[in-house]
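Note that chain A is present in both complexes that follow, paired respectively with chain B and with chain C.
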Partner chain A sequence: MSIEVRNISRMFGTFAALRNVSLKIPSGELVALLGPSGSGKTTLLRIIAGLDFADPGSGPILFHEDDVSNHDVGERQVGFVFQHYSLFRHMNIFENVAFGLNVRPRKSRPDKNDLKERVLKLLKLVQLERVAQLYPSQLSGGQRQRVALIRALAVEPKILLLDEPFGALDAKVRKELRQWLRRLHDEMSITSVFVTHDQEEALEVADRIAVLNAGRIEQEGTPEEVYDNPANPFVCDFLGSVNLFHCRVHNDRLHIGESELTEVSPGHTEHSSVVAYVRPHDIEISRTPHKDAIQSRVVHISTAGPIAKIQLIRLDTNEMVDAEITRQHYKQLQLRSGELVFINLHNPRVFVHDYVI
Partner chain B sequence: MLLKFKQQSVLPGFGLSFGYTIFYLSLIVLIPLSAVFISAGRLTWDQFWTTVTSPRVLASYRLSFGASFIAAAINAVFGLLVAWVLVRYQFKGRKFFDSIIDLPFALPTAVAGIALTAIYAPTGWIGSFLEPLGIKTAFAPVGIVIALTFTGLPFVVRTVQPVLADLSKENEEAAASLGATRFQTFKKIIFPEILPSVLTGSALAFARAVGEYGSVVFISGNMPMKTEITPLLIVTKLEQFDYAGATAIAVVMLVISFAMLLIINLLQRWVTRNQF
Partner chain C sequence: MKITKYYKHAKTSGQSRLAKWILVTIAILFLGLFLLLPLIAVFTEALRNGIRAYVASFTTPDTISAIRLTLITTAIAVPLNLVFGVAAAWAIAKFDFRGKGILITLIDLPFAVSPVVSGLIFILLFGLHGWFGPWLTEHNIKIVFAIPGIVLATTFITFPFIARELIPLMQSQGTEEEQAALVLGAGGWRTFFRITLPNIKWGLLYGVILCSARAIGEFGAVSVVSGHIRGQTNTLPLHIEILYNEYDFVGAFSVASLLTMFAFVTLLIKSIVEWKFSKDLQEYSNDSNRS
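Presenting the complex of A and B:
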């Protein structure tokens, strides 16, 4: 079932959590709402769920062309997974998962055997059938989150909404669970929206990403689109670490200090002052001088991990530059800190205005 | 076991503070209570038994514990309601009503007794309306229940209030998103969470009501066999210099009260058995 929201605004007192947000989510996709805290991503999710309501004057919320903006959460048939699991601590795991089926009106409530079968099937799906009789307090964080997920799925929702589903888990479990969520989504192909502030999580799991900032959607697209072609400095900066270079445009080329970059930058007027955003892995380190290279000094080297992280300082402006190179390349270069090297920039994203974080 | 008491801690002084706690508890609570038993021990078993099972005394137990139980039950329901309104809704004068709850704590109980009697007496504001209907409140067991409800109210409200305020809104939202109606959400999600605190509050209200004296003696009329509460009977015996008889009744009250508190605590533990 597709979801569409049009011109949604939400004020909390004088704080605008959402300003005129419109978003279309195609049926069967897994979409991430990505943004820093206070960007309005959770508010948007809660409004889609019916746990919060948009301000008067906002546009409709459409589930498969039906306007549900006046329906409350129970009528919208959404599954909602809370950040802190929100399991009912006085019920055991089985009862938690069965809750949504048990509160149905008598007519549509499955009979006892059917209910048991359905709950056990779900528990099996998340490999938790052995803890059915335990209570939430006896489970680990990852197990609790999986219970919260199948509890939401038990009522066979048309849409699954997850609020920072892995936010409270430790890094390793988080990684496992998000891959598991992706597989589960592929099997069930239920339209799902999840909120996250972790760009890595969004880039890895989602079919599409909507990047939010200060109550607005800055960009919406596939992970590749938003990562490779960020619409503005905010998106570029939020989706990963980035280095800033102030440059001039001359003959459609970027000039940084004395160096001229080979990269062309169309669309910017001559002599305009622009900012180039370059990802650390797009910075090439070499020992040979070159006319587009910037001379820098190695300040710090960190080689623990899959890549070598090199911190450099530009000799012309004394600005810090972060570079990431493969370990293999690092071994070939035999870099040492304090050494003078030359850096080349690749794939710069050029924006006219500086962005202040 | 005893030696394992001591644990490493950033704040030293366990020995001193523990010793002081024992000393203080003994001085204030345990020694006076044991004196009750020692004093009652001057009676022979037969004398003790006849004193504590005389019809007048038995009637007073029934009244004292019965009225206290009813008052605690009323407070459990309405105290929960008051706490709910004070926590869940924002309205004008909320702070004012909130502070009024403590009044029965602060007021000297005799003042409460006089005030209630004035209102519920056949000539009082409310009593004059109830009298023609044949409902006798003051100088009847109903009056005692009213007085005990009055003094017990803050116990339930003040124990339930913080628990209600701490309840996570997410649990209710989760229940609603799973299709539960409001009534189902209250019955299956909220009520089990606050039940332990309602039980604790009622137990405190009950314990207080059993021992209540000041507010009751005015409104009850103190008719033997009818509206005479056990604490009053103890005072009566003391006034007649029947010290042993008074302590015998006191021992029975002590034992029953203790047993009741124990039962309520066990009940509470059973209710919270799966929570941490």
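Presenting the complex of A and C:
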């Protein structure tokens, strides 16, 4: 079931948590709402679920063309996974999962055996049959999260909304669970929206990403689109670490001081002051002196992990630059800290003030 | 926890052992003087003329009517406060609205005002020359110096117990479980009975016990509105006072021993509930720490 919201605004007192947000989520996709803390992700998710309501004057909320903005939360029939699980603490795991089925109106409520079968099947799906009789407080964080997920899925919703589903878990469990969520999403025909402030998580599992900032959607697109073609400095900065270079654009090239650096895509107007955003892995390090490069000194090298992280300091401005190169390349270069090198930039994203040129 | 353990296992030096004994002795003396002695006095006085006189003092019509009135009053005031208390705590803990601060202050009012003043307020409102007095006489409704007045005063005095107990508990529990239930399709009532109520049951029971104890024992406000009509508007505490003033010591202390025994039962239930309740609270804080 597709989801669409149009011109949603939400004020808390004088504070605008959402401003004119419009978003279209195609049926069957897994979409990430990505943004820093306080950007309005939870608010948007709650408004879609019907746990909160948009301000008067906002546009409709469409579930497969039907406007549900006046429907109660119960009528919308979505699955919702809360950030802190919110399991019913006085019910055991089985009862938790069965709750949604048990509160159905009599005619659509499954009979006892059917219900038991369905709940056990779900518990098996997340390998939690053994804990069916335990209470939420006796489970680990990862187990609770999985219970919260199947509790939401038990009523077979067409839409699944997840608020930072893995936020409170440690890195390893997180990684496992998000891949598992991706598989689960693919197996059930369901439209999922999940909130996260972890760009890696969003880039890894989502079909599409909507980047939120201060109550606005800054950009929406596939992970490749938002990563490779960020619409503005915020998106660029938020989706991974980035180095900033203050440059000039002249003859379709970036210039810093006397050095003529990399090309920018044609069609850019001449501009005397732009900012080039360059990812660490797009910084090229070379030992051969070159006029058209930025002279820098190696400050620190960290080689733990799959890539070598090199910290440099520019000799012209004393600004820090982070570079990432493969370990192989690092071995070839035989860099030492304190050494003088020459850096060049690739794939710069160039912005004038806050606008793309 | 750690500190008590440390003290228990620490080798106490001669000096601190002395200090310990002095402190314990003071505590015991104090308890004996102010709690045990009166208790013993109540029962010795009550049994002074033997067990037969003791039992007989319960069977006088006035005592029976006082017991009945106290039970009726409690049976009305406690359920009323149960509903009011849960509703008020629910509203305060789970919703944001204007005037919330005022509501919280109002709930505490019966604690802040002297019971005698509370009683006088009812006289002022419903008494013969009170605000609603003429209208009430016209319609032949009696509130003051009658059972309705006693029930009203008792309800007013005992109002804070349940609400006060529930507000912090409900606040600490938040609203996410209820929201989860709503999303899963449970309606408002069902969410209340299946999620909210089970989560507050021990706190609620605790509040009900405190509320009942006070409803049975309330003297000041009830004394003002009752009018002391023997056999009609005397609750147990008022009855005790009358007996005592009439020099019927055996009778007074016998009835007092009844209240005392009720206090014991209350304390017993209270400790059991408290123990259960703290286990629940602990479980809850474990829960929120882990997540």
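In this section, the second predicted complex is superposed on the first by the 347 of 357 C-alpha atoms of A that agree within 3 Å, B and C clash if a C-alpha of one lies under 4 Å from a C-alpha of the other, contacts with A are read in each partner's own complex, and residues count from 1 in each chain.
Definition applied: contacts are C-beta pairs under 8 Å (C-beta built on N, C-alpha and C of every residue); 3 or more make two chains touch, one makes a residue touch a chain.
Keep in mind that what you see is a predicted model, and the values were worked out from it rather than measured.
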item	value
Superposition on chain A - do chain B and chain C clash or fit	clash
Touched partner set for A:Phe351, first chain B, second chain C, both or neither	neither
Partner chain in contact with A:Gly74 - chain B first, chain C second, else both or neither	both
Which of chain B and chain C A:Tyr277 touches, first, second, both or neither	neither
Contacts of A:Phe82 with chain B and chain C, given as first, second, both or neither	both
Which superposed partner A:Asn92 touches (first chain B, second chain C, both, neither)	first
Touching partner for A:Arg104 - first (chain B), second (chain C), both, neither	both
Interface residues of chain A shared between complexes with chain B and chain C	49-51, 73-74, 77-80, 82, 84, 86, 88-90, 99-100, 103-104, 137, 151-152, 155
In the complex with chain B, residue positions of chain A that touch it	49-51, 72-74, 77-80, 82, 84, 86, 88-90, 92, 99-100, 103-104, 135, 137, 151-152, 154-155
Chain C-facing residues of chain A, complex	49-51, 73-74, 77-80, 82, 84-90, 99-100, 103-104, 136-137, 141, 144, 151-152, 155, 168
Chain A-facing residues of chain B, complex	168, 170-171, 173-181, 184, 188-189, 192-193, 274-276
Chain A partner contacts - residues on chain C that touch it in the complex	176-177, 179-187, 190, 194-195, 198-199, 283-284, 286-288, 290-291
